[in-house]
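Each in structure tokens, the structures are laid out below.
Consider the two complexes below, in which chain A is the common component and chain B and chain C are the respective partners.
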Partner chain A sequence: MKTHLNTLYVTTQGSYLAKQGLTVQVRIDGKPRAQLPLHNLEGIVCFGRVGCSPALMGACADQGVAISFLTERGRYLASVRGASHGNVLVRRRQYRLADDPSTALDVARRIVLSKVANSRSVLLRAARDAEGAANRVAELQAAANRLSASVHELRGATSLDSIRGLEGEAATHYFGAFNALLSNAPASDTFRFTRRSRRPPLDPINALISFLYTLLLHDARSACEAVGLDPCVGFLHADRPGKPSLALDLMEELRAYVADRLAYSLINRRQVSADGFKLLDNGAIEMTDATRKAVLVAYQERKRDPLTHPFLAEKTVVGMLPHLQALLLVRWIRGDLDAYPPFLWKG
Partner chain B sequence: MPYSETDLLPISALQHLLYCERQCALIHVERQWAENRETAQGNILHKKAHGGKSTTRPEGRSLRALPLRSLALGLFGVADVVQCRPGEPPVPVEYKRGRPKKNDCDRVQLCAQALCLEEMTGQPVPLGELFYGKTRRRVAVETSPGLRRVTAEAAARLHELIRDGRTPTAEPGPKCERCSLRELCLPHLGRRGSARSAFDRLLDSVVAAEEENSR
Partner chain C sequence: MYVLVTYDVQTTSPDGKRRLRRLARACLDYGQRVQLSVFELKLDPALWASCRERLLSIIDPEHDSLRVYHLGSRWEGLVEHHGAKPGFDLEGPLIL
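Right, the complex of A and B next:
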């Protein structure tokens, strides 16, 4: 397991990464600009036109450093992994368990339960922090109460469809209260959330959370691969060619706690601002390069926030969560645990 | 019963096996590997040993990075160095970071190399050498009948473990403190009882605690 949580994000177009001894060298216009020891790295994420030498790819594959290639705007393209990655015995069991309807239902329910419970904890934590702003507190608490009801219903749900339905409803209530998470009365309407839009994001908040989810998904995906699981065969998310269903499953329990909290605190702390977003002709919203970089830095910092893992009862940091959860998943699949315990945040 | 070439397992797995069977399964069955500073340094040391050229001097030849295998034991590997002096049996030399250990790991690994050499050359290999980086000392190791037996048993057990394909549950002990796979292994997981009921309890407490807060 990687205890080093440094991910190298390369956003400068035209950069080239090469192996220099036991380090990665970042070259821009042929000139070395940065050099990092390979064993200090957890992953490398290349945005857009970034090249990578075969020697570096080989060394990374060897040492379990994930390299991913994303478009400049953060859409996933490909990753490099080594021959030893992926373990056929673990994967066989994973497929068997995922194929068994009652097992899949059981896992999916717990994943959604933790997603909803964590969303609820995020709302309630914000309500406590918003003391004095009576309207916001009331709105946050009302939404949290709806989510409590969802938790109760989920506990009795008997089909995957009903679980997915309840998840959808809970998400609507949760995002319905998203504006109440924002503390600074915005001068303009820049940071007003109307509804979740992904493809493409139609407002800055959606652009921001979509980008954070992309980063989190990358981490969840490499965590699955690092422990030998197939990131494309999930329990809650249905299989579809090319869809990283297991990584998406793993991400559900972490979205609110890791990404959403960061999104609204970036806005509240004014670390992102209205001019950091561009409106395209088709109505889609895009982040400027500067905003994207600021978000990457903030995400890296978020990963260093300490916490005690509720199940393992061990001190860790936010960035380790995808790995720890993937490990718990593989430990359940291997038979060390009687069930997979998703992450629950004790707000 | 001799093994076939496709069944061969790495000699290096023997040291994992002797350290902890679960560790061995995590690395060689589950194919998980924790790269830490120590293993990285170990790799550098090996690179150095392997990187040098094989030399021929009047006192004999030093063969570096020599591939080895034994069908009898079902093992393959690479000897850091094999020293061949005229008129003497070949001597495998294995480089180790750190200092001599109390247990048999290093000697067994070396003995496995010696047995491979015997099988490949048809000559007896009565001696091997361990070179320790910390103490910069060479320790001669005799491939005694006892050590050969322990080595053959370890090889057989290794094949059994890999064939079985299951990871044994952890038996946490002092060895876990120094284990590079600790964070992957989570040795105390098995003792934590039911994860299912732990999750239910946790969920209850999260929901209940916050209902209180929201009052």
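Right, the complex of A and C next:
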């Protein structure tokens, strides 16, 4: 049985990772700083100028430790993963199911339904926590009601395009209420959400959310690989060279519960502050190194939060969710389950 | 599970020094060094079996001693640390 293992994040510029026996050794300025056994790791994420020896890449590929390379700001560049030793029969079935329009429609609908439902749970949970701030509660509940309507419409949607349309609409409503998720205390202009912007993120909240999504994507992608699925053939997301569509599909259900909740509680608990962001010449907002580290720590801690999986009814931790959902996906693809059960959080 | 490995190796001979080096390297492959000849290993029972095999193949039972303490999975309540070199929590955030 797979357990939740740790992920090593390397953010120190100029560091080098080498294989030392059965361990990874992190060298900073040529001096060994840490040595970790590979069997304790699930993944390694390198930010910016971080080198990696071929021997280490080989050993990680062998042991199923995923290495991802990101820019210093957290934009995804590349990954190193071993040969796909996953089950070829499972992958063939995955392609067939993805090619079948009615099946793809059904899965896509399930995924988007759970995404919208989870977003709604996040809003309602925040509304309960915000008791006393009447205007915030009203705004959150109004947005939650609109999402309920989206859920209703999604049930009747008959094409992928209409599902994607409804998803976009629901996202607009959801993010429209994002400001109300922030408690009034740190209500400076720094943390005002206007609209979702990416590549580049134009305000601190967008920078924060985008960074968390990148981390979640690394985990979702690893989960797909680990259970033997092709992370690039999805149901909701269209095929495009290099696009990890299935990993993105898998992520949809988890965005609100894992990443968005963390983003706004980081702001509300003042674990990130206004001076932790800087404005670049092109209008993009970037996190400072200290903020990035604080977010990484918070994300890793979030992954250790316990919960009971709603479908499996098993005690687990948040960090296992991508893997468990990938496992359920594989069971459905193999025919062990009648339908894919997406993750539904009952806040 | 957590396992604590400690050893004493007789290093009067070149062969003893070699055994000491090999033991340290083997322990480092599976866990972290918390004191000079004290290691904490976090591994599953299968991996521990192969690790144990490897350690036993290195020592010379005539001159060396190897002690293993099984701390199980609830090791946090069993381990106290004071002073320098606190070591890092393998389950906590690993950011360098």
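Heads up, the rule we're going with is that the second predicted complex is superposed on the first by the 336 of 347 C-alpha atoms of A that agree within 3 Å, B and C clash if a C-alpha of one lies under 4 Å from a C-alpha of the other, contacts with A are read in each partner's own complex, and residues count from 1 in each chain.
Definition applied: a residue touches a chain if its C-beta (ideal position, glycine included) is under 8 Å from a C-beta of that chain, and two chains touch if they have at least 3 such contacts.
Just so it is clear, the model here is predicted, and its values are computed rather than measured.
A.B. asks: Of the partners chain B and chain C, which touch A:264 in the superposed model: first, second, both, neither?
C.D. replies: neither
A.B. asks: Does chain B (first) or chain C (second) touch A:300, or do both, or does neither?
C.D. replies: Touch partner of A:300: chain C, not chain B.
A.B. asks: Does chain C touch more residues of chain A than chain B does, or is it the other way round?
C.D. replies: Looking at chain B versus chain C, the one contacting more residues of chain A is B.
A.B. asks: Is A:39 touching the first partner chain B, the second partner chain C, both, or neither of them?
C.D. replies: Touch partners of A:39: chain B and chain C.
A.B. asks: Tell me the contact category for A:8 with respect to chain B and chain C: first, second, both or neither.
C.D. replies: Second partner only, chain C.
A.B. asks: Please work out whether A:178 is in contact with chain B alone, chain C alone, both, or neither, and reply first, second, both or neither.
C.D. replies: Neither: A:178 stays clear of chain B and chain C.
A.B. asks: Go through the superposed model and pick first if A:235 touches only chain B, second if only chain C, both, or neither.
C.D. replies: In the superposition, A:235 touches no partner, neither chain B nor chain C.
A.B. asks: Can you give me the overlap between the chain B contact set and the chain C contact set on chain A?
C.D. replies: In chain A, residues 22, 39 are touched by chain B and also by chain C.
A.B. asks: Across the complex, what residues on chain B touch chain A?
C.D. replies: Per the touch definition, chain B meets chain A at residues 29-37, 40, 44, 165-167, 169, 183-184, 186, 189-190, 192, 194-196, 198-199, 202-203, 205-207, 209-211, 213-214.
A.B. asks: Sort out for me which residues of chain A touch chain C in the complex.
C.D. replies: Touch list, chain A to chain C: 6-12, 15, 20-23, 26, 28, 33-37, 39-40, 293, 296-297, 300-301, 304.
A.B. asks: List the residues on chain C that touch chain A in their complex, please.
C.D. replies: 25, 28-32, 41-43, 47, 88, 90-96
A.B. asks: What residues of chain A sit close enough to touch chain B in their complex?
C.D. replies: Within the complex, chain A contacts chain B at residues 1-3, 22, 39, 63-64, 84-87, 89-90, 110, 113-114, 117, 120-121, 124, 127-128, 141, 144-145, 148, 151, 226-228, 310-312, 327-328, 330-332, 334-342, 344-347.
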